[in-house]
Amino acid sequence: MTDVSPTLAPPAPAPDRSAPPTPAARGGQARRLLALARRDLPATVGAVVLLAIVLAAVLAPWLAPYPGDGSHATHPLDTLAGPGGRHWFGTDAVGRDLLTRVMYGARTSLTVAAAVLTVSALVGVPLGVIAGYTGGVVKDVIMRITDVFLAFPALLLSVALATVLHPGTGSAIIAISVGWWPWYARMACVTATGIRSRGFVDAARCLGVSRIRIMARHVLPNALTPVLVQLSLDAGGVILTSAALSYLGLGPQEPTAEWGLMVQQGQDLFITDWWVVAFPGLAILLTAFCFNVLGEGLRSALDPHRELTR
Amino acid sequence: MARRLRLPALAAALAACVASVAGCASGTPPATTALTPTFTYSYPLDVITDWDPATSYSNELVALQNVYESLTRYDPGTGTVKPQLATSWSSTAGGLTWTFHLREGVRFHDGNPVTAQAAKAAIARTIAAQGGAAYIWGAVSSIDTPDPHTLVFHLSYAAPMDVIASSDYGAYVYDTAPPGVKPGALKSWLEAAHDTGTGPYTVADWNQGQEAEVTLDAFPGYWGGWSGRHYRQVVFDHTPDVTTAWQTLETGDVDFRSQLNPELFKEATHFRALGTQATASLQNLIAFFNTAAGPLTDVRLRQAVQNAVDYDGLLAALHGSVGPAQGLIPSGLPGNDPALTRHQNLPLARKLLAEAGYGPGGRHLNLSLTYAQGDDAQQLFVTLLSSDLQALNITVDARPMQWNAQWAQAKATDPAHRQDILLMYWYADYASAYSWFVNLFHSAQPVSFNLSYLDDPVVDKEIDAIPQLTATDPAAERANYALLQRQLLEQDAAAAPLFVNTYQRVYASGITGYRDNPAYPDVVFVHDLEPSP
Amino acid sequence: MTPPRSSLTVTDLKVRAGEGEDARLLASLPHLDVAAGTCVAIVGESGSGKSTTLHAMLGLTDGLAVSGRIMVGDTDVVTAPEKALTTLRGSRVALVSQSPQSSLNPTMRLGTLMRRVLARHGIRGAVARQRADDALRDVMLDPELLRRYPHQISGGQAQRFAIALAVALRADVVLADEPTSALDVTVQAAVLQLLDRLRAEHGIALVLVSHDLAVVSRIADHIVVMRHGHVVESGPAADVLGAPAADYTRELLAAVPTLGE
Amino acid sequence: MLTADNLTVAYGRKTVVHGVSLSLDAATGAPAAGAQGGVALIGESGSGKTTIARALLGLVKPSSGTVRFADQDIHRLRRTARTDYRSRVQPVFQDGSEALNPRMTVGTSLREALRLRSDAGPTVDALLEAVGLDPQLAARHPHQLSGGQRQRVVIARALAVDPELLILDEPTSALDVTVQARVLDLLEELRTTAGLRYLLITHNLAVVPRLCDTVHVLFAGRVVESGPATEVLTSPAHPYTAALRDAIPRLGTPDAADTRSSAPPARLERSDAQTAATGCAFRLRCPAALDRCTTEAPTLRPLTDHREVACHHPHGPA
Amino acid sequence: MRFLTQRLAQSALVIAGVVALTFVITRLVPGDPAVTYAGPRATPAQLTAVRRQLGLGASLPDQLWRYVTGLLRGDWGTSLHTRRGVLTDISTALPASLELVGCAMVLAVVVGVPLGLLGAHLRLGGGRSRGLGRWGRWGRWGRAAGDGSVRATSMLAVSVPVFLLALAVQNLFAAQLGWFPVAGEYTSKLNQTSPLEHLTHLTVVDALLTGNWPVLDSALAHLVLPALVMAAYPVGVVAQMSRAALLEESAAPHARLERAYGFSRLQVLTRFSLRPASGPLLALLALVFAFSLVNAFLVEEVFDWPGLGRYASAAITSSDAPAIAGVTVVVALTYVVTNLLVDLTQAVIDPRVRL
């Protein structure tokens, strides 16, 4: 049997010779990820495409054929040109290059997704861990509050909030986050409740480790794996929700390039100028799809006992 | 027009969902109409918001103009007023007294005869209701009925009563005492989809919230008669989605659509089964600059923005759905002046900005702008304007808003909370340029529609003089318009007219006799149409 | 009494995970012969490959490469088509697994499970009811238990019920995978004795897998000691226990606790 | 001195421990020669033994009764006193993979414990060596260790705060048999080298005599018998203790005539039925239940000087 | 029983929270409701009257109290937009939405579960190395490809923005090919020839009950596209989750025992694993139901479906606070009630869950 973790010291001269752990249990998660990349082709392809999308977003000012079209530039004399040599994706109703707009749209969508997930996790996970670990009345109060937010469907809550706030990227982030964090709180609470009864928490309590330290060092790190998996799975959902919000006109506003907004503005032109809807729409689909595929892959990678369900 | 159409429902809608049409249109329509039963009109908005002809001030005119009639009707082709319920009229005493002679033998749909007394009662009721467009009768101090077919208006100040009487809203002549309806119950009776008009059609059915919202039946006793080919029934389909509208046009399920979009309109011109008609409307989009507070109090900045607007680009991008703004007054109305057409002048804009210390290399300027949410043309303009101004080191903070919110902000008590630029469509209630001046640029406290907040006593005085001139001296009136427009648009630079909407109608090519009358926006006078045999 | 015959014969069994060079040997068993009415015990600690061997005997080694021969009667489990195997499983070879309650479908009453299992092998109606009643009596369970769900019975009852399934199907070979390790000590002995009695009474060939030599010592005729997938020692129970040949066996024997009597 | 007095614990409406009393000499120096100073709690799953351990450790609040350490109720300790208690009584849980934080290296886990000492204390390396592990294992995560190694780490962590009393909850039952023996060896060794006392909780009677000299037998949350380990195990007074003792698998061969195909023990058919709700909880499984057992629950009463039993018909001491 | 009362109390608490939150949000909606209601040319006197009528003058706690008691009495306020009772509006709009959501849910179960079953079966079969003959490798490849396409399809269905799907389907199958009507619930011109009698406000059901075949025909034709679009997400999620749940269930010890007793893989999946797996699936369905109700907002917008979504978006565009609040409360109520129902059903399916 080969040792898959060469960095480790040679087997200790421990007096017991019980069966060594199986190789699957050895090695770090990075190693498992690499192994997965070979094994889980879809997730790998998803990750590569996503990387391309991220690169396109980050490098849009340099890669896009008409960088100005990503924000303020307009070309009223070149409107609704079909896809072709000059404009691969065609132009929109004010003459902007759609390829450029779609690339800049990736910036918006990815920013929103990252911000929403960060905010949601930062709010939800600590609350959930506190609720799950503390239990009792604290848990009841926190979980009932999350229930209230959960009963508000994310999109409707976002709609309600976006009407209140000045529509824009920032308010879209806030609106979606408000509907999103309870999921993390709930998940973290369930996980933390489970961890609370694990032996190492009891051991820490018996050692006299403080509550805060137990939550921070023992409960939180162990509650994080499902959260990380969920984050990657949710990225697609956030992209879809933010696109839906923009489609309803409640998200980022002109001249921000945003896929949902582009679909909404183009939908009446779908019959005559299909490209105005098709390209931003497909961009949403592709991004969400890749995130979902990658998320599934990560789940089976980081959650080994569910490997079969891959 | 859109100023009203885009407002949320202005008057009470009805509680009853399914209205029966007892008592109306009981006669059989003439046999000649039997061949072509139904004219179907596809309309993007809810048709009915108010059934009461006194207060109606919204979308329902497309139906009500076929049900009710006014004393006169405006003809944009000639720029004159034509007889309708009144056969002739005259004014005396410098436009302070107007006498209308009513058509004889006309009956309301409820069977009552149309008399001067009935007409007076209707107008009096409209004035008393104080809703909708009742203000058009503002000049009227009293009404006389010397005989059953003569109606005399006494005015407190000179006003063009013949034009006012042709107004698309508030000028209906209707029966205020239909048989079997208690005097106090008229409004609720009307709200149950009843009518007391004199027009060629009468309300048959109303299903609020449904696709086929309103059905009108021919009124057999119509004074205009039914000889020749006419439609026996009119159905108004509420179809917000242009894709749906397009498909129903293609399949022949509808005969007329008020507005698609420029691309589909172009597509329709290639279809033999479809007729198209593009007509310049009397509705224009105006950008109002805040002359009272904020950076645009500096007239040079207002002028700079005016010159930065790419008027021709806007026209090109809107693909024929709008025409050029020739000053404040749309073509088709007295006072329109093609010489006032503007073009982009970036060097001048840059120079003006530099003088004020802004522009490229100067200070950065932030302008807040509000416009109507969901309006594609406004959205497009805002995008283009932002683009042009960005190049001039000016950032536009544009907010699409519901009209109510937009208007509330515009009227904020603290001027600092008001926007710098506001977009609004304007359309006259009756065919006169006066409406633009008095509503938009006459000082008013509290703020109403004077959204550039101009407070210039000289301008006010000039505006106040217009009605008198309209009624007495049309030439002087035009001179006054020219003077005012130069003052407002060039010296004060209080606003920038951006474009005039073009109505792009699509209809079944078998129909003959259709001519768009922009004075009655979106209205099809169905009785005038001749269906294909 | 059934005439003595070999119910199960294993030759050159090798179970591997993975393919080619990466292949890892999980279990190998050069030869094993289980006659009707006898008990063979496979003893080893975790990772020794004893459970894998057992599953190979049922043809339930999904994703693993199996070579060699496992003859159950005339059928070679290694090469038989899946269809033949599904007939064989249950009717010829039955499994009693480690965790009694979790091995029973949590959403199914015991009676339903019994009925379905019997029906799967063509036993229906009154015959099935009779078989079920007899089997339950054989394992000393109250027939009332059939109305219960797995979580409503004790671990010992669950294990008896699992055994009853094998009895009801008249399986020739019963494979018991650590049948007592999840049970309370006082119950363990009873379940072992039950298995032993059924072996004797029904002429069942019993394969018993355990990590504990002491557990199997009293009922096994033959003991196979496995470690890391290989057979360390194999022989008649008396020889293995009395005169262990391998160091490992001796170590296992030494680890059996005594009360110091 | 750790004592439980009339300890009763309930989870929700279900009472799992009924009025259990026991005491442990913790700090009276080395036990007398030949004695281990340890106390064992014996019982099968569901008998409440783990709950008692958790109550003794202050992890569950008793619904009535008290747990006292040095004459102070441990559930009402002030901060400093609690720290003191924590450092003197430590647990070793059943499953090393559960008891160690999978996200922490062995070293981190041990350092966390060491941090809680008031004095400098030993090094991580020293701790690992004390339990017979290579100090280089400090860099590993728990899943990179074998079961026996993990259990040694758990013991090392308990030792980090220099306790006097270890509460061992089934310390070896998750391990392979060959490994079990070595962990027990370590515990025996530590008893003398580190001066430790044990409260051993187990269902495996065989390990008791090595570590303990007093035994409490639990059934359904009640102590049914207690006394010196050797006496209780060699001549049980309670039928349940006897059943437990008889159930220990012993080496033998099929040829040993006494076991093979022998008649099952009395009332085997009910041997795994639920416990009785009235009267003696054990009566349904008792081979010698009397009518009295159905109606009257036996209480714990002295049998001899050192022994107590809760049975209406105990076996006489041999 | 204790579980039930506790669960009911929790639900009540959540609903109370939702109502409070809704109230707060409606107070934040921009624009003066009185102005919206009375119209821009209303006189100050009219505005005062409207304010009094809408109860806007009172203090905030007073308003909340009035709002809550009103909700309980069935007085959900008056829509500023339609000027009818919000509850009346909702009671006609909700059934139309439920028609769509109902179809989507039925499809989710009828298509999604078998799809997940198929995927799970292929996945389990795909890993088998036993008896791989000459064609065995291809068989394995085929099974893996089959499972892969099930996964890809369901993943795609979950990833597609519902409004894009709606637009694409509408454009292709209605506008271009003309196979189905573009929009609407049924050709309402039929109301002139064969008026529909409203019993349940579910058009298809009403048409069936009253034997109104022309309307039924038209309603079904109109229903196809929006229902399919609505079903995409639920079908995808349910296929994914049922596949995962079935695989997890088939890895459980009981599945091995069942196979050891002679049941084939497929039999184990369908006859043994489906039921224990249906617990998590049911919980998922409740979530999907709530989510679909919100998806209906977008689909109804595209297909001009006279449901809650179109009502809500009209309310949003006209800053119609009472209507927005009403819709929110209804959706939240639906969510809470479905969750409650799921908990109860789970207790029926899985005997381990006790009431």
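A, B, C, D and E label the chains in the order they appear, each numbered from 1.
In the analysis below, contacts are C-beta pairs under 8 Å (C-beta built on N, C-alpha and C of every residue); 3 or more make two chains touch, one makes a residue touch a chain.
Labels paired with UniProt names: A, E = Peptide/nickel transport system permease protein; B = Peptide/nickel transport system substrate-binding protein; C, D = Peptide/nickel transport system ATP-binding protein.
Predicted model only: the values in this text are computed from it and were never measured.
Shared contact partners of chain B and chain E are A.
Seen from the C-alpha centroid of chain C, the farthest chain centroid is that of B.
Innermost chain of the displayed assembly, by C-alpha centre distance to the whole-protein C-alpha centre, is E. Of all chains, B has its CA centroid at the greatest distance from the CA centroid of chain D.
Chain centres here are Cα means. That of chain B falls 91 Å from that of chain D.
With each centre defined as the average position of its C-alpha atoms, the distance from chain C to chain E rounds to 49 Å.
A separation of 32 Å divides the Cα centre of chain C from that of chain D. Chain contacts: chain B has residues 243, 246, 373-374 touching two or more partner chains. Among the residues of chain A, those in touch with two or more other chains are 18-19, 270-271.
Residues of chain C found to touch two or more other chains are 45-46.
Listing the residues of chain A that touch chain D in their complex gives 5, 8-9, 12-21, 25-26, 198-200, 202-209, 217-218, 221-222. Touching chain E in their complex are the following residues of chain A: 42, 144-145, 147-156, 159-161, 163-164, 236, 240, 243-244, 247-248, 260, 263-264, 267, 270-271, 274, 277, 281, 284-285, 288-289, 291-293, 296, 306, 308-309. Listed in rising order, the residues of chain C touching chain D in the complex are 39, 45-46, 140, 154-157, 183-190, 193-194, 196-197, 200, 211-215, 217-221, 237-238, 241-242, 251-261. Chain E contributes residues 10, 13-15, 17-18, 21, 25, 28-30, 148, 151-152, 155-156, 158-164, 167-168, 171, 175-176, 243-244, 247-248, 251, 290-291, 293-295, 297-298, 301-302, 312-313, 316, 319, 324, 327-328, 331-332, 335-336 to its touches with chain A in the complex.
If you check the complex, the residues on chain A that touch chain B are 71-74, 76-77, 79-80, 93-95, 166-167, 249, 253-255, 265, 268-273.
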